[in-house]
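Next come two complexes built around subunit A: one with subunit B, the other with subunit C.
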Partner chain A sequence: MADFLQLVFSGAAIGAIYALAALGFTLLWQASGTINFAQGEFVMLPAFAMLFFLKVAGAPLWLAFLLACVVAMLILGYGFKVVVVDPLLKHGVIPLVIATLGLSIGLKSAVKAGYSAEAQPFPAIFPDGLLALGTIRVSYADVGTLLVAGLIVVGLQLFLNRTLTGRAMQAVAQNTESARVLGIDVKQMVLYTFLINAVLASVAALLVTPAYLAKFDMGDSIGLKAFYAAIIGGFNQTRGALLGGVLVGVLENLMGAYVSPAYKEGVALMLFLVVIIFKPEGLLGKAEERKV
Partner chain B sequence: MSRRQTVAVVVGLALYALLPPFLKNYGVYLMTLLCVYVMAAMGLNLVVGYAGQMSIGQAAFFGIGAYHVAILMKLGLPFLAVLPLAAGSCFVIGLLLGFPALRVQHHYLAFATLGFNVLVYLVLRNEQGWTGGTFGLAGIPRPTLFGVELDGNLAFFYFTLASTVVLALLLAWLLRSPWGRAFAALRDNPIRAESLGVNITAYTLLAFAIGAACAGVGGAYYAVLVQYIEPSAFNVPASLMMLLAVIVGGSGRFFGPLVGTVVVVLLPEWLRFAQNWYLMVFGFAVVALMVWLPGGVLSLADRWRRARR
Partner chain C sequence: MNEKIIEFDRVVAGYSPSLTILNDLTLDARRGEITLLIGPNGAGKSTVLKTLFGLLVPRSGEIRFEGRAIGGRSPRSLLAEGIAFVPQGRNLFGSLSVLHNLELGGITLPRGALAGRIEEVLHRFPRIRERIGNQASTLSGGEQKQLEVGRALLLHPRVLLIDEPSIGLSPKLVQEVMGLLRALADAGTTVVMVEQNVRTALKYANRALVLETGRLALDRPASELLGDPDLNRLFLGGAGSPAAATAH
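For the complex of A and B:
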């Protein structure tokens, strides 16, 4: 039983990281209809940016993280929106999906060729050691990850629901035309979404890289899990991403320990297929009307 | 198709058929490989271009076809008996995978196929008893056609080219049938098509399954072409290449996959001088192409015509 609970806990920690990536993914989709197939690379790039600031510039970790956030907001937020998304959105979803696929290949290969194909170690952000909670023992890293991810999600929820800007962003996500009629600066709000996505990806990078190392293809798995987490939880719900992420992380861990580690990567797909058969709008999602 | 287009297609095909005797072995291999990928890409074009769905799992079906051939031909079955089996399996698996995904929204199929591809790769890698695991399967024999052995590279090239043309004609016929026209209606305006009595889910599902079967056929030829297969050739990057081939050429145009496959297969060969950087150049080139020409290479002709008017 203690083993089981420990597996659940560490699964929840990795799931919380999936949830951060999934959250950014859902926000982009809601605000601008962008499906970002380079979401995993959006996590990988800040990880390498942090490494760069740590090693080359000799910055402490907190400074490296802040600088990486700024770089991510500039390039993966603003740059991505202006260079790739804006010109393509009017042509529909498919060209944009292809462009983000190309972007994913390009970014990965750039890091592989320009930096290294090897996995790079990354400094720990939480102290080593185990915390005893009754009979189970959990690592400080897992506790810290869950706390940070949880705070970010709650903070984002509060921002979206309680502040004027946040509510304007939600209005844009729900109905762009009505939002414009109400005098909301739609372009501004969409830009905020892209910036928030870049920051969420940077936080995910900070949390995931110490354990999983920085590698050019580290985004493959995170990106895919983020999609699934988003859909499992409900594509149009911010809370859904959290639930989906944690669910995927926990089930993966249990599958790896009790059934077969070889098929761990298949868990998210199975869960996704089951969810869309029985509840296509996702566990917490609401069914959407179609516009004719 | 206008008369001029027909002539162009026939001349292009004749040139393609006449070129290989003047090429070295690697050239003949590349041209055969092009045919193989064109088969899979044509199937994918049915899904992406005509039914308006995203599929990122074409290489999984390609792999399923290839492993069918490798396993069954090594047991002594003839190629022509295995081919329909490979296509049939892919068709059925396509139906089973597409059914849940297509009930909901268009982009869900993209995720389902992507995950499916990962899963197929895991199975190919882990089920060593059948697939040889990471070592793959070697020594796949070339087929024998009515007593004629197709061991030579040239003979096999002509066999593959002929099969590609047959598959293309089949698909062209399919698209001209009322059934095929319903596809176009679906892609252009699904809600209107539905109101006219087209069963969206059924048509899209069938398009997806037929596209999967085409990939199975392509994979079958791939296995006997390279004679050695291993799982990494059928992982997600291969699916992305096939999808790119369709879009880069111009999805929804019959000859789009053809042009796109040439670009996607030959461009990396030309970019060899860039060594480690070539995939990066390729990736960003795709982004640039989409930004400037979202309709693919073949839409250049339309653009040019419009500009002249």
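For the complex of A and C:
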């Protein structure tokens, strides 16, 4: 039983990272109808930005993280919205999907050619060692990851639900036309969503890179699993993204331990297929009306 | 005759360059009156409201509010001028509470003024006060419409544009909403309304403007039009058959 609980705990920790990236997927979709298939690379780039500030500028990790957040908000938030999303979204979702797939390839290639194709070590943010929780032993890294991700998610939920700006963002996501009629600055609210997505990606980078190392293709797995997690939980529900992320992380861990590590990577895909077939709106999602 | 507060002067507007809805449309609405826009489907009634509220930019012509050109200005700036819009259909944010919906209606107000304005609206709509903590999606159709109108009134608009307020409401609630609009107009608010429930709306309106293919076909006092035996034909368009007319 202790082994099982340890696997669940460590799975939840990696799932929390998927959830952060999945949360970004759902926020962008709700606010602006954007599907970003470069989300994994949006996690990879802040990792390399942090490395740059650590190595070249000699900044401490906390400062490197803050600077990476600023860079991410400028490039992956504002820049992505203005240069890629705004011009393409008026032509429909498909051109944007193709563009973000291209962006994903382009960003990976740019980092591979411009920085390195090798995995780069990244400093640990939590101490080594194990923490005893009753009969189970969990690593400080897993505890820290869950705590940080949990705090970010709770903070985001508080912002969205307890502030007028957060509620205005929800309003834009629910009914853009009505929000505009009330005088809500729709463009500004959508921009906030892109900035939040950039920060979520930066936090995910901070949490995942010490274990995965910084590599040009480190976003492949995270991006794909975050996408699956968002669909599994419900693409139109932020709570769904959390559930989907944690579910994928936990089931991957259990599958790897009790069935075979060979199947671990396929868990998210299998779960995704089951949900798409039997509950296409996602576990917590709501069916959306389509107007013709 | 009351002074003109809204004027359309040869306005051309539409949803795309190849889809023109308003064709050289000239009309006006007068202060403190309910102006009812009627006409067949596709005549451009809702497009008038959307263009007036800045959701569509006129291709040519001029829209004036109190004599000043306002064509192409954003909804946000028109709200600040005193024009509010209640669009057709359900416009509430269903997952948010009634109070939060009201707060968003006053998002352009100074923070200090918001609580007082919400209290004014709740005083006018006691049923909304009873549901203040509920999710907006749980309100009945009539309550939702009251909340939408109340939300628009938060800004103390001088002009209220309202599109199909009776849709989905029972006859009793339709009378209530119309009575509310009449009371607002009597208190000095100019109301420009699009309504399919023509006979009921005419009882409350001052003037009726009949649109056909994006042009003003008729401008008459509402009471006069109400007694017109050709009302059904006017409502359905000049080419409509009186026998087929089903105006309410």
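The rule we apply is simple: the second predicted complex is superposed on the first by the 292 of 292 C-alpha atoms of A that agree within 3 Å, B and C clash if a C-alpha of one lies under 4 Å from a C-alpha of the other, contacts with A are read in each partner's own complex, and residues count from 1 in each chain.
Note that a contact is a pair of C-beta atoms (placed from the backbone, for glycine too) under 8 Å apart; a residue touches a chain by one contact, two chains touch by 3 or more.
Everything quoted here is computed from the prediction, not taken from an experiment.
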item: Partner chain in contact with A:V143 - subunit B first, subunit C second, else both or neither; value: neither
item: First (subunit B), second (subunit C), both or neither touched by A:R180; value: second
item: Touched partner set for A:A211, first subunit B, second subunit C, both or neither; value: neither
item: Which superposed partner A:V84 touches (first subunit B, second subunit C, both, neither); value: first
item: Partner chain(s) touched by A:L5 [first = subunit B, second = subunit C, both, neither]; value: neither
item: Partner chain(s) touched by A:L191 [first = subunit B, second = subunit C, both, neither]; value: neither
item: First (subunit B), second (subunit C), both or neither touched by A:A168; value: second
item: When both partners are placed on the shared chain, which of subunit B and subunit C touches more of subunit A; value: B
item: On subunit A, the residue positions that both subunit B and subunit C contact, one per complex; value: none
item: Sites on subunit A touched by subunit B in the complex; value: 35, 83-84, 87-88, 91, 93-99, 101-110, 112-113, 220, 224, 227-228, 231, 262-263, 265-266, 268-269, 272-273, 276-277, 280-281, 290, 292
item: Partner subunit A, residues of subunit C touching it in the complex; value: 53, 55, 75-76, 79-80, 85-87, 91-96, 100, 103-105, 107-108, 151
item: Subunit C-touching residues of subunit A, taken from the complex the two chains share; value: 164, 167-168, 170-171, 174-175, 177-185
item: Of all residues in subunit B, those that touch subunit A in their complex; value: 48, 52, 54, 100-101, 103-108, 110-112, 114-116, 118-119, 122, 125-126, 191, 236-237, 240, 243-244, 247, 251, 276-280, 282-287, 289-291, 294-295
